[in-house]
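Presented sequentially are two complexes of chain A, the first with chain B as partner and the second with chain C.
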Partner chain A sequence: MKITPDLIVLRQWGPIGINATLVFTWLIMALLVIGSRLITRRLVTHGKMSRMQNLLEIIVTFIRKQISDVGNQEPDRFLPFIGTLFLFIAVSNLLSIIPGYLPPTGSLSTTTALALCVFKAVPLYGISTQGAVAYFKNYAKPSIFMLPLNVMGELSRTLALAVRLFGNVMSGTMIGGILLSVTPLIFPVVMQAFGLLTGLIQAYIFAILATVFISAATEVQSPGQASQSHQEKGE
Partner chain B sequence: MLIDWFTVSAQIINFLILVALLKRFLYGPVIKAMDAREAGIAARLREAEEHIAAADDEAQAWREKNRDFEANLAAMMEKAEKEMEARKGELLQEARGEVKARLTAWLEALKGEKAAFLNDVFRHTSAAFVQVSRSALRSLAGVELERQILQVFVKRLSELPANPSETDAAPLLSPGSRVVVTSSFEIPPDLRSVIERTCRESMRCECRFHYEISPALLCGVELRTGSLRVSWNLEEYLRDLEKNLDIEFDGRFSLLAEDTDSIKPDRSPGGLSRTDVEIPAQKHTATS
Partner chain C sequence: MINVNVTLLIQMGNFLVLLFLMNLVLYRPIRRIVAKRKQFVEEQQQGIERMDAEVKASIEDFNQKIQDARRMGREKIQELKAEAYAQEKELMRNAVEQAGKQLQDVRARIQSDIQGARDQLSGQVRAFSVELAQKILGRSL
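Presenting the complex of A and B:
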């Protein structure tokens, strides 16, 4: 039993190998892009809309609302990044109901890639909002002695993001496989259905955590908060 | 090793490509469509609010018009009732005048017909009376009506007063006066001589006698000279009959005229007025 789809290599050219993770990722990308294109090319702004347009609008509205609620900021700036994270992980996990399919999120390489994207996106959004100096000053707050701890916290939360998603998805797949060999009837089906819920929740958690990290990095202090901060420094 | 760094790099690239593609084909169009729909809904809501405001203004204007109308309704009704009463009076007056005029014209026509009728009655009655009298005398008494009339006429002449007053007898006493004797029948010669002799004896003068026949003189004889006229005929009797008939007709007509004067308007329950006038049908007198 393969613990990760990275181990299923379809083609290998030296250090470059096409494995199942990449293939299924492309499959998911094609599904999302082509499906979106097919639906959004016939969008209507007046009158009766199609069910698929309605579904897309519900999803986009839901994501925007979550970003807005969690980050307390204008959501459209973060929507492509956070929304793509959620949709990619959710679709990747939900398709695991199909026999023979291996979710790319069950690969630590994929979750690491996604966590690294978040790891890079946080300072990018923070610097673009506050400026580089103001952003990097946050690592030295409340005092310079907190700098190593803050850097370690940044790295550890990125690692936690990657391992959490990988562990949950991989464990779900592993449990399904083990149960299939022990009790081949009924129980694996229930666990698969439960795995769908778990996969969707993992997608939600990953997107929400990314939103929290980015929001924390892009949060701009109001004048009142700034003066309060200066007073604290004076004391 | 669970992490394949080539796969990690490839997945980072894949993810960034996916972000760009979904931004291009999903988020952009969907957000644009939702914004357009929200703008359309907002525009329709604004338009609806404007329409509601316009409708409220119009309703308010109509309510004010209704209030004005209700306030003026009593005055308008009173004015209309006054105009209606005045118009009703005019129409009633016109109807009364027209009825009276038509009744007057009818009475005038009736009077003309009455006169014609009485004339016919007089003419036919006199002819019939003479004919009946002549036949009865001849059958019952064996005498001629005309001869008897002449004998009575002569007797009346002889009974004329011998000394008449100045105004009546003076022109007759002159000798040679012309005396016209008019009769409705031919006077036989023997009776002519009796008339002339009796006249001379009564008037004590010589006169010139002239005889005429006039059918208008109803079965009688008339003697005229100057202002003196001695007549003996049936006309007076028949005139009495005609006068009695005339009085009877006049009595009926006066009753009818009183009836027309008592015409009164009658107010019906519906408010309209009608006049109980019955105009009698014109009577056509049959003339023979």
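Presenting the complex of A and C:
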């Protein structure tokens, strides 16, 4: 049994290998992009709209609302990033119902890549909102001695983000495989259905955590909050 | 064996490409269409509110016109009544005047007739007296 799709190498050119992770990722990308394009090329504002347009609007509106609720900020800035994370992970996990398919999120390289994208997006959004000085000052709060801990926290949460998703997806696939060999048919099917729910929840968790990290980085303190924090510190 | 290799970099690139493409083919069109629909709904809402206001204004205008018409009707009735009273008064005054005049004329004519009769009778008094005395005495005077 292959524990990760990275191990299924199709082509190898020196250090660069085309493995199942990349192939399935490209398939998902093509599915998402072509599917979205096919639906969004015939959008209507009123009258009878297609079911697929309705579905897409529900998904996008749901993601916008979640970002708005979690971040308490204008969601449109973060929508493409968070939405793409969610859709990619969700579709990647949901397609695992297809026999022979291995979710790219079952590869640590993929989850680490996604977590690193979040890791990079956090300061980018933070600096664009607060400015570089104000953003990096946050790492030295409440005192300069917290700087190493804050940096470590930043790194560890990125690691946790990557490993959590990888662990959940990989374990789901492994459990399905093991159960298939031990008790064929019924129980693996139930676990596979349960795995779909888990996969969707993992996509939601990943997207929500990314939203929380970005929102925390882009949160600008209002004058009232700033004076309150000064008073708390006895200044 | 789990490891992180060059796939990680390719996957990062893949994600950024997907992010760009999805923004182009999904989020922008959907946001645009949702904004358009929102605008359409707002316009419809404004249209409904405008029509509602127009209907209310029309009803108020109608009621106002009805009230005005009723008031005008009442005023016209009062005016016509007053005019009729004035005409009645005028007719009555004229009738009274005419009747008084006729009465005067009749009285004058009667007076004149009485006077004429008196004059006529006073002219015949001597003859009647003689005749009466002859009848009483039973002989000619």
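One rule holds in what follows: the second predicted complex is superposed on the first by the 228 of 235 C-alpha atoms of A that agree within 3 Å, B and C clash if a C-alpha of one lies under 4 Å from a C-alpha of the other, contacts with A are read in each partner's own complex, and residues count from 1 in each chain.
The rule we apply is simple: a residue touches a chain if its C-beta (ideal position, glycine included) is under 8 Å from a C-beta of that chain, and two chains touch if they have at least 3 such contacts.
All values derive from a computational prediction rather than experimental measurement.
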Does the chain A-based superposition show chain B and chain C clashing or fitting? clash
Looking at A:15, would you say it contacts chain B, chain C, both, or neither? Reply first, second, both or neither. both
Would you check which partner chain A:76 touches, where first means chain B only, second means chain C only, and both and neither mean what they say? both
Which superposed partner A:3 touches (first chain B, second chain C, both, neither): both
Quick one: classify A:88 as touching chain B (first), chain C (second), both or neither. both
Which superposed partner A:148 touches (first chain B, second chain C, both, neither): neither
Stretch of chain B, among 45-53, 81-89, 99-107 or 135-143, that runs into chain C once the two complexes are superposed: 45-53
The shared contact residues of chain A with chain B and chain C are 3-4, 6, 15-17, 19, 21-22, 25-26, 29, 32-33, 36-37, 40, 43-46, 53, 56-57, 60-61, 76, 79-81, 83-84, 87-88, 104, 107-110, 112-114, 116-117
Where on chain A is chain B touching in the complex? 3-4, 6, 15-17, 19, 21-22, 25-26, 29, 32-33, 36-37, 40, 43-46, 53, 56-57, 60-61, 76, 79-81, 83-84, 87-88, 104, 107-110, 112-114, 116-117
Please output the residues of chain A touching chain C within their complex, sorted ascending. 3-4, 6-7, 15-17, 19, 21-22, 25-26, 29, 32-33, 36-37, 40, 43-46, 53, 56-57, 60-61, 76, 79-81, 83-84, 87-88, 104, 107-110, 112-114, 116-117
Of chain C, residues touching chain A in the complex: 1-12, 14-19, 21-23, 25-27, 29-31, 33-34, 36-37, 40
Hey, which residues of chain B end up touching chain A in the complex? 2-12, 14-23, 25-27, 29-34, 36-37, 40
